[in-house]
Amino acid sequence: MYDPTGQETLCPAGVEDMTVVTNERIAERIFRMTLAGNLVDKMVCPGQFVHVKCGSGSVPLLRRPISISDVDADQQQFTMIYRVEGEGTRLLSRMHPGEQVNVLGPLGQGYPIKQRKSGEHAVLVGGGVGVPPLYYLGRKLVEKGVRVTSVIGFGSREQVFLENELKELGDVYVTTMDGSHGTRGLVTDVLTVGDVDPWDVLYSCGPIPMLKALQELYGKEQTEAYISLEQRMGCGVGACLACVCHPSEETRQNTGKRYFKICSDGPVFGLREVAL
Amino acid sequence: MGTATTSERLQVKLGDITLKNPVMPASGCFGFGREYARFYDLSRLGAIAVKATTVEERLGNPTPRVAETEAGMLNAIGLQNPGMDSVIQEELPWLQQFDLPVFVNIAGTTVEDYVEVADTISRQPGVTALELNISCPNVKCGGISFGTDPQIAADLTREVKKVSRVPVFVKLSPNVTDIVSIATEVEKAGADGLSMINTLVGMRLDIRTGRPILSNQSGGLSGPAIKPVAIRMIWEVSQSVNIPIIGMGGIQNAEDVAEFFMAGASAVAIGTANFVNPYVCPEVIDSLPALLDDLGVDKISELTGRGWRR
Amino acid sequence: MGTATTSERLQVKLGDITLKNPVMPASGCFGFGREYARFYDLSRLGAIAVKATTVEERLGNPTPRVAETEAGMLNAIGLQNPGMDSVIQEELPWLQQFDLPVFVNIAGTTVEDYVEVADTISRQPGVTALELNISCPNVKCGGISFGTDPQIAADLTREVKKVSRVPVFVKLSPNVTDIVSIATEVEKAGADGLSMINTLVGMRLDIRTGRPILSNQSGGLSGPAIKPVAIRMIWEVSQSVNIPIIGMGGIQNAEDVAEFFMAGASAVAIGTANFVNPYVCPEVIDSLPALLDDLGVDKISELTGRGWRR
Amino acid sequence: MYDPTGQETLCPAGVEDMTVVTNERIAERIFRMTLAGNLVDKMVCPGQFVHVKCGSGSVPLLRRPISISDVDADQQQFTMIYRVEGEGTRLLSRMHPGEQVNVLGPLGQGYPIKQRKSGEHAVLVGGGVGVPPLYYLGRKLVEKGVRVTSVIGFGSREQVFLENELKELGDVYVTTMDGSHGTRGLVTDVLTVGDVDPWDVLYSCGPIPMLKALQELYGKEQTEAYISLEQRMGCGVGACLACVCHPSEETRQNTGKRYFKICSDGPVFGLREVAL
């Protein structure tokens, strides 16, 4: 748990009824929603998330955490990309332009990019709905002159999204489980085969098995690497202790930390910082 | 309308304790206040009930710890807290910067645990009262059993009262056949007030996996779904005891606060609604005066028990 | 998927009783079936649980008898029913036109009442089973007290079993500290099955009048709000008894049915949801096969207790 | 409890997602909504009601009973007029044309009109949101050649509605409590003053105190008169016994009936049939 940008202190989160600008299906069960409002001014740190009220009543009751996938500061708009899973995301998918969505955010500690230098090479590793936050991260890195390569994995061709957008930032390797698009298999299959040039830093977001595989591959090395975690949340701001995860043995010894709150200490952690 | 000033209108008394307004965040839903302090000045609150504190640090249950239900949520945090020494060193001093009565929720596995934490915490500067959590459904040994037997609850209350330097509010479990008998026994044992209700025990299964969503299997149900149960219990208990009640369970707005008062509460706590709207407590406080106008009431304290006082 | 025919897939057994599908309307929410017979053929139902029947006609409580809560409702009907003679002459014969097992919910104020109605009703043609309502929160004398003490519940069950010609399902109250002990005592006393849960006791005040909305003051909370409580209780009880459980409490769709089965139910009843959608029972029945496909299950009976069977 | 038209048996109620055609504010807190769908074909009997699902989720859970205020059989549309009271009607008032509302109906026994003969005089007595069902009734009566006089009461000028529409059917007397429009006072003040010509039948709908006043005025006479009652409902179809009311002593002795269900035996009853 680091505070790479100090953003958390500079930009406290807020709550706002934001206006839906667009909301469209972009892949199987995947929607992209763009929202406009003042909160966008605070969304400077890639890897943070928003906590979204889906529907106006008390069903569903709790907010849904969704990553910030892109920000257009000039237009005061940000984009989130979400998969329809249950009631909350189903309600979101039915919103129309002009309607309001209540958003709490931006929340959490994003990907550290302050130290990045022009000319470095960063690899972004994403799986499924873990890909969205990597896009904003990639844009920020490219702005700093960092070379970006993306390795993204999906179930099948119908579920692929953000491939073209990421191609505008650098090389993109796509994998699908069923081989219907790109390489058959997992993102780690691409990483281990050696096609990707050596990198200075790795940023990842995706399902736990993928993150575990990354820990196994690079957890022993000194590679600089960051992963973003998910957990069911209550408050989203660090107060309820719903979303804890375990520090790695190493972190525990070094820092005395016995738990992390994913919503406020994370969702981004160092690859070796947490036990999955 | 009457002649009370705005600040007099919202002032309430819980025995010897005076609160500038009747709204506090509920224990466990607001940490020790730090996280919400970035949203607003905590001095606006009537009081704060902080997370359950135990003798030793507790790491709580494995995740997932929350699950959503219709108009409610289940939690099985498992009383995670940094332990009383850390609370005393880190949290209580920090809270003293605010003009804010502090209710420290305390829990334990044995009577000795409770006594130790009560004894230690109640000596600390800035502690207004203890809230004796005899009703947490999410800890395996001890915990809930204290809250389901009138005699055990009374004995625990008596022991804690012996050592506490501050008033003791006992937080009752709704998962009982007869909450009135527990309340009256606890009152006889010296409780200065009651907090009610804690969560109902509930459970959800994920039909894809066939397994409970919570790793602890069952958890505590909170939120609007439980409000009618809370109202009924406060209605019954307030007519049988002479100590003040802090009411809670699904409060979302000023109208809900009025309903809890009319049922018999003298102050309220808001839990789950903080997760939905981090500003809910100050917003509810700010909308109370207009509601009192609507109801033709001068002071909110006049509403306590109005439903059954005839 | 497996080899069962569609009709085999949904068939369930409750002891010796075979239901063609596991879905029945819950007692009190479907009258004696007449009102819903104009919406669909009642033979599509797995069974029917009719309104509580008492020895004499009862006129119930004054109105208002219902109040709405978040994701739930309160009712205080007060066991209004035409009395057993009228049920025997008018209702049961009418129900015989359908291919429909009939569960007659019976209630009373004294043990003698229960025995008389059980004795009489269980002799009638077309009565499949009795559902012993020991848990209605809306009648003043008797009623709920039978359901809150294990020994009294067991004694009543034993007396009713002595006279009943048909299987006896005991409908449990959730308003108790320890539902498992009541369930196990009732099982020992000879119950053939359990129905659970009845409503939670709750209350709502109208803040404009300051009075309870229900003329009976408190009422029974039903609907989606109580589902997590029902699931938790069925989960616990089904692991402690060897008799089948009819699960109920907030069921709205096929997914909910699966959740109740996985918690330990062998059939389900749908109450409040009939008010929202009069077609809910046949719609849920019709959508079960597709859900079983999704879950990779051949017969719904395989789901019973899947959550805790390992 | 009579079955004047036999409609109940001819036209069983149904459930349908009906389409909002218009939804507009017509007086203080009062909205008029027109809905289109096949259920309209069954709405031939004035005085019946529909049971409306407000919002799509489980809050609010129960349906709301609202009277049928007018029917346009050719367009397959019906109109209801409702006052915003709580959560359910508030949600209704926010619906837009083109959106769907789930309707169960038509329900209950309406006003008996079969026996009415051309040339007769009927007086319609309505208070507040009791006025809406009288409009459809009035139209049906006029179709039969019955002369119609309306006496309608409201709180104040801002709350008056349907005055002009009812004027197209016959004479209209309006009262307001504060005297800001029409006669100051209650509808019974108009009736007792003797301005209204003698009538053959009286039909009424409104608050309980108004209906009680009518019982006092005409309960002893043999005047033919009908009133429509309200009660909090569960099922709306006669199954749950939430909505019972008491038969009058006279009815109890004549019929043995010990209770009525307002949703299915009513909402319309003979003036002397029920004890209020």
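Just a few scattered comments:
A, B, C and D label the chains in the order they appear, each numbered from 1.
In this section, a residue touches a chain if its C-beta (ideal position, glycine included) is under 8 Å from a C-beta of that chain, and two chains touch if they have at least 3 such contacts.
The shown structure was predicted, so the numbers you read here are calculated from the model rather than taken from an experiment.
When chain centres are set by their Cα atoms, the one at the greatest distance from chain A is D. For chain pairs C-D and A-C, the one joined by more C-beta pairs in contact is C-D. Chain A and chain B have CA centres that are 36 Å apart. Here the spacing of chain B and chain D, counted between their Cα centres, is 47 Å.
Multi-chain contact residues of chain D (touching two or more other chains) are listed as 58-59. Within chain C, the positions touching two or more other chains are listed as 69-72, 224. Taken chain by chain, the contacts link every pair, so each chain touches all the others. Residues 28-31, 34-36, 38-39, 51, 57, 59-60, 63-73, 75, 77, 80, 213, 223-224, 252, 272, 274-279 of chain C touch chain D in their complex. By the touch criterion given at the top, residues 69-72, 74, 148, 175-178, 200-205, 207-208, 210-212, 217-218, 221, 224-229, 231-232, 235, 250, 255, 258-259, 262-263, 295, 303, 306-307 of chain B touch chain C in their complex.
Those residues of chain A lying in contact with chain D across their complex are 55, 57-59.
Chain A makes touch with chain B in their complex at residues 12-13, 15, 53, 58-63, 104, 231-245, 258-259, 264. Taken together, the chain C residues at the contact with chain A in this complex read 70-71, 224.
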